[in-house]
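Below are two complexes that have subunit A in common, paired first with subunit B and then with subunit C.
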Partner chain A sequence: MDINKEQLNDDIIKINLSGRMDVGGVGEIEAEFSTIASTADMSIIVDMSAVPYMSSIGIRALLINAKAVNRRGQKYALLTPQSDVKNVLEVSGIDQLITICGDIDEAISKVSS
Partner chain B sequence: MNLYDIRSFLVPYIKIWVAPLGLLALAVFHLYGSIPYQDVLRSFSFDLYQIAMPRERVSAPVVIVDIDERSLEEFGQWPWPRSLTAQLLDRISDMEPAAIALDIIMPEPDRTSPCAITQYIPDISPSLVDKVCDLPSNDEILAKSLKSSRTILGIAGIDGAGSTGVLAAPMMVIGEEPRKLMRHFSSALMNVEGLDKAAAGHAILSADMERGVIRRIPLVARIGETVLPSLSLETLRLASGSPVFKVKSSLERIEAVGVGDLFIPTQKDGTIWVNYSHHDPSRFVSAAEILKGSFDPDELNRKLVLVGFSGLGLVDFPSTALGERVPGVEIHAQVLESIFDGTTLIRPHWALWLEAVMIMLFGLLVIWGFPRIKAWVQVPIVVLVTVLSGAAGLMVFHQMYLLIDVASPIIIFIILYTAMLSDSLTRGEDHIEVLEDDIRVQQEEAAKIQGEMAAAKRFQMGIVPDAKETFGNERRIDIAARMEPAKMVGGDLYDFFMLDEHRLFFLLGDVCGKGVPASLFMVISKTLCKSIALRDDADNLDLGVMVRQANKEIARDNPEMLFVTAFVGVLDLRDGELTYCNAGHERPFIVSPGGQPVELSGASGPPISTADDFVYKTFTYSLLKGEFLCIFSDGITEATSVAIELFGNERLVSLLSTIDESSDTEVIVDLVCQKVHDFAKGRDPADDLTILIVRWMGSDNEYMINQ
Partner chain C sequence: MSELENNSVLVLTIDNQISEIARMTVWLDKELRKFNATPEMLFNFDLCANEVADNIISYAYPNGGEHVVTLRLEVDSNKITLEFEDDGIPFNFLEATDHVRPENLEKAKIGGLGIYLTKHYMDECEYIRRDDKNILKIITYLSSTSDVSDNEK
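Up next, the complex of A and B:
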């Protein structure tokens, strides 16, 4: 998997993930993923559009990340997951914990408010 | 600082420096010549140079007039009357050689002189004695011949009582006084006085033998305080007509000796190493031929003529560096040849230092270089260094006539390398023993852990219920379950038990993760769920509340951030009413007899322990008679084939849709597990695999299955 971040504005970081979020893939990005979430005191949008598959390990990574951000009082949102991944998020009930947005403007307004 | 501290402080330094210091000591011993047997080794290696590349005879300035077997046969036994020797000298002299040298010492008067013979004749008349004694003695005849020819007589240096009043040509010293430096004899074995006085030159014949081999010849030596040139040097002096021979010397060493403009570099004691060519009979002329006049006079014209013996039994033959036994006179001839050709050997005074540097370099290569390179490279390096040094030594000998002892550095190099090898072999063996011990300990520990894990697995498999045991007598349901951990212990769980007479509680969960942490989480989750389910008033059990309660308690102590997806259900066996709560788990399938599998889509909330508190929704579904519910973990849908394909929901749906409606749940569980195993054949299972199938048989077991 690959990971990179971009600064959207003073308060929001966008993290772009790409690749399969299975045991191997998550292992590659886990450290950097949690470093970004735990060091910057900002809200975070995770762009999931380049993630074709997600297993329970991927869910765990997102949850740990979201918890760390929420604990600081900041907001966390997932952006445009592919349909299979969206299905996994819904089946596992994660959509009831983490906001899932269909486009970037929606995501920015969700994490800004 | 106590003694122990000092030691532990010093030991690392000692370890680092002991080998280089030993090496330095070795080099110093080499410089002082105190390495045992090094002389023997060195002589042998110089012999090897000569054997490999013996000197070629270029010019032939010397002819040896040889008193050989044939001469003795024709002119009588030795000693010859000196009148005969005088005759031989006269003949040689007539041929006008450049110089003549006799390699013969005549210390006693000739007993065959006419006057001396008279005493052996009994009753000889005194007048005859007077007459005979008036005749010149043989010694006088020889002295006369010596005077008329330019001839050198030799003397021998001896250690002991003897004459010291030797005659010699004057020495011209260039530089410092050299006497102290040269080979010294306390006295000499000389010729009869009249002969010595008549001779045109005087030379010392002595050379030191090492185990029968003459390797070095002094070009100058001292008897008492008189310095004598060697036979070869004196011959050159006489031939060149120089009144003096020269010695060039510094305080520490004699550098060269010579006559006229010619200088021959020498060792510091005035000796030279003889550069041998093979024995060559063409150097020799039989004395008999000279005496008989049957020899071409031109052959001796302007030559250096040495007169000596080869007649067997007269002398011991010394050995040359080439291992040939030759008459001593030939060695003098060879020295003269090499002086003429400029091929005399010299062991330069800096040779010892060069060798010491080589010893240090080779030693450092072994001590510091070799431990840093691979063992298989070391042997070629050893061979290369040995061959190159040997070749360099040989080349320097052959091209520059220098004697460098490469054998000492090579032998020391090989000894050090062997020592290092045996040392590292010993260490290697110790190391292997340590490793073997480690492996044994690790194996024991692994076996112990294996045993404990097996016990944990038995325990884990033991806390999930067995359907036949639990519901063997309950005709209203048909239930079967299977759990297969991917590792020894797993993170999946299932459970079922009766809440009361009519209501069945069941759950299937999947802890995110595998192995020991997941299995501990699984045990906690299962136990908590069961105790909460049984704690509340069974009649008023609200599943959503129960899951919320369990979530709160499990989430409270969760440092590893593990979570568990779970499907929890309660089935009323009287009417088939299913109440369920799905906390983030994969949707189970409802399969009706002869119908297509349908997903049970109610989603109550996220996995347990992902949120500190969450209100989970409860859903209901009414099961028909014979309809069954199939709950499973992702060990089935995410089973992966060797082609990295997932088993997936679709394969499970099509498998469930082909089930014979009369099969009991045990058969269905077997079938699903078998299909998954076949699919994932050749790969380790990625995740724990769990499946639970519950079928409602109707309130009074009206649905009959084929038995």
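Up next, the complex of A and C:
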């Protein structure tokens, strides 16, 4: 997997993930993923549009990440997951815990307080 | 890598190393495509095989050591069956504690999610303990309108 971040404005960072969120892929990005979530005192939008696959290890990574951001009092949203990945999130019940947005404007609005 | 067993069963063996999951994933995708599996079937088997293999490799061998996990893929006219055989500690997949849909982010736990997903995405799962081995079959039934066909014949 690949990971990079963009500063959208003074309060929001967008993390762009790409590749399969399987046990190997998550292993490649989890250190940086958690560093961004635990150090930047900002709300976070995770762009999932380039992630074609996610197993439970990917959900675990998202949950750990979202919890860290939530504990800081900041907000967290997932942006445009592909349909298969969105289905896994829904079956797991994660869509009830983490906001999933269909476009960037909606995501910015959801994480802006 | 894979070989025909009894003319219709494809076999792959992997070591009990997490790095072997990638090789399994490539094998499974390649073999299922030969049967014209739909994108949905490819995704579902990819997901569930990853969950089962990760579970076996991570938890079946508390004392470590080198072990082999055998996968058998069988496609017939009405179903796709993927069997996992391991010589790890007894673990009845079907009786494992299910994932509980979490109430909130702070309470959310990940335990059991892989098993829950596998039961959800497959039509049927069968488990037996035989000759000191765990044998788990995950099965998807093919609808009569499916275009999946046995190209081996």
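As a working rule, the second predicted complex is superposed on the first by the 113 of 113 C-alpha atoms of A that agree within 3 Å, B and C clash if a C-alpha of one lies under 4 Å from a C-alpha of the other, contacts with A are read in each partner's own complex, and residues count from 1 in each chain.
The rule is short, and it goes like this: contacts are C-beta pairs under 8 Å (C-beta built on N, C-alpha and C of every residue); 3 or more make two chains touch, one makes a residue touch a chain.
Everything quoted here is computed from the prediction, not taken from an experiment.
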* Please tell me, clash or fit, for subunit B and subunit C sharing subunit A in the overlay. => clash
* **subunit B versus subunit C as contact partner of A:93, first or second or both or neither** => both
* To do: Name the contact category of A:24: first (subunit B only), second (subunit C only), both, or neither.
  => second
* In the superposed arrangement, does A:84 touch subunit B (first), subunit C (second), both or neither? -> second
* In the superposed model, does subunit B or subunit C contact more residues of subunit A? -> C
* Asked: For the superposed three-chain model, which listed region of subunit B (509-517, 527-535 or 545-553) is the one that clashes with subunit C?
  -> 509-517
* **Touching both subunit C and subunit B, counted on subunit A across the two superposed complexes** => 23, 55-57, 59-60, 63, 67, 91-94, 96-97
* Asked: Contact residues on subunit B for subunit A in the complex?
  -> 510, 512-513, 561-563, 565, 582-587, 603-607, 610-611, 614, 634, 638, 686
* In their complex, what parts of subunit C are in touch with subunit A? -> 18-19, 21-22, 25, 43, 46-47, 50-51, 54, 99, 101-102, 104-106, 108, 110, 113-114, 116-117, 120-121
* Structure fact -> The subunit A residues in contact with subunit C across the complex are 22-24, 53, 55-57, 59-60, 63, 66-67, 70, 84, 88, 91-94, 96-98
* Asked: Residues of subunit A touching subunit B in their complex?
  -> 23, 55-57, 59-60, 63-64, 67, 90-94, 96-97
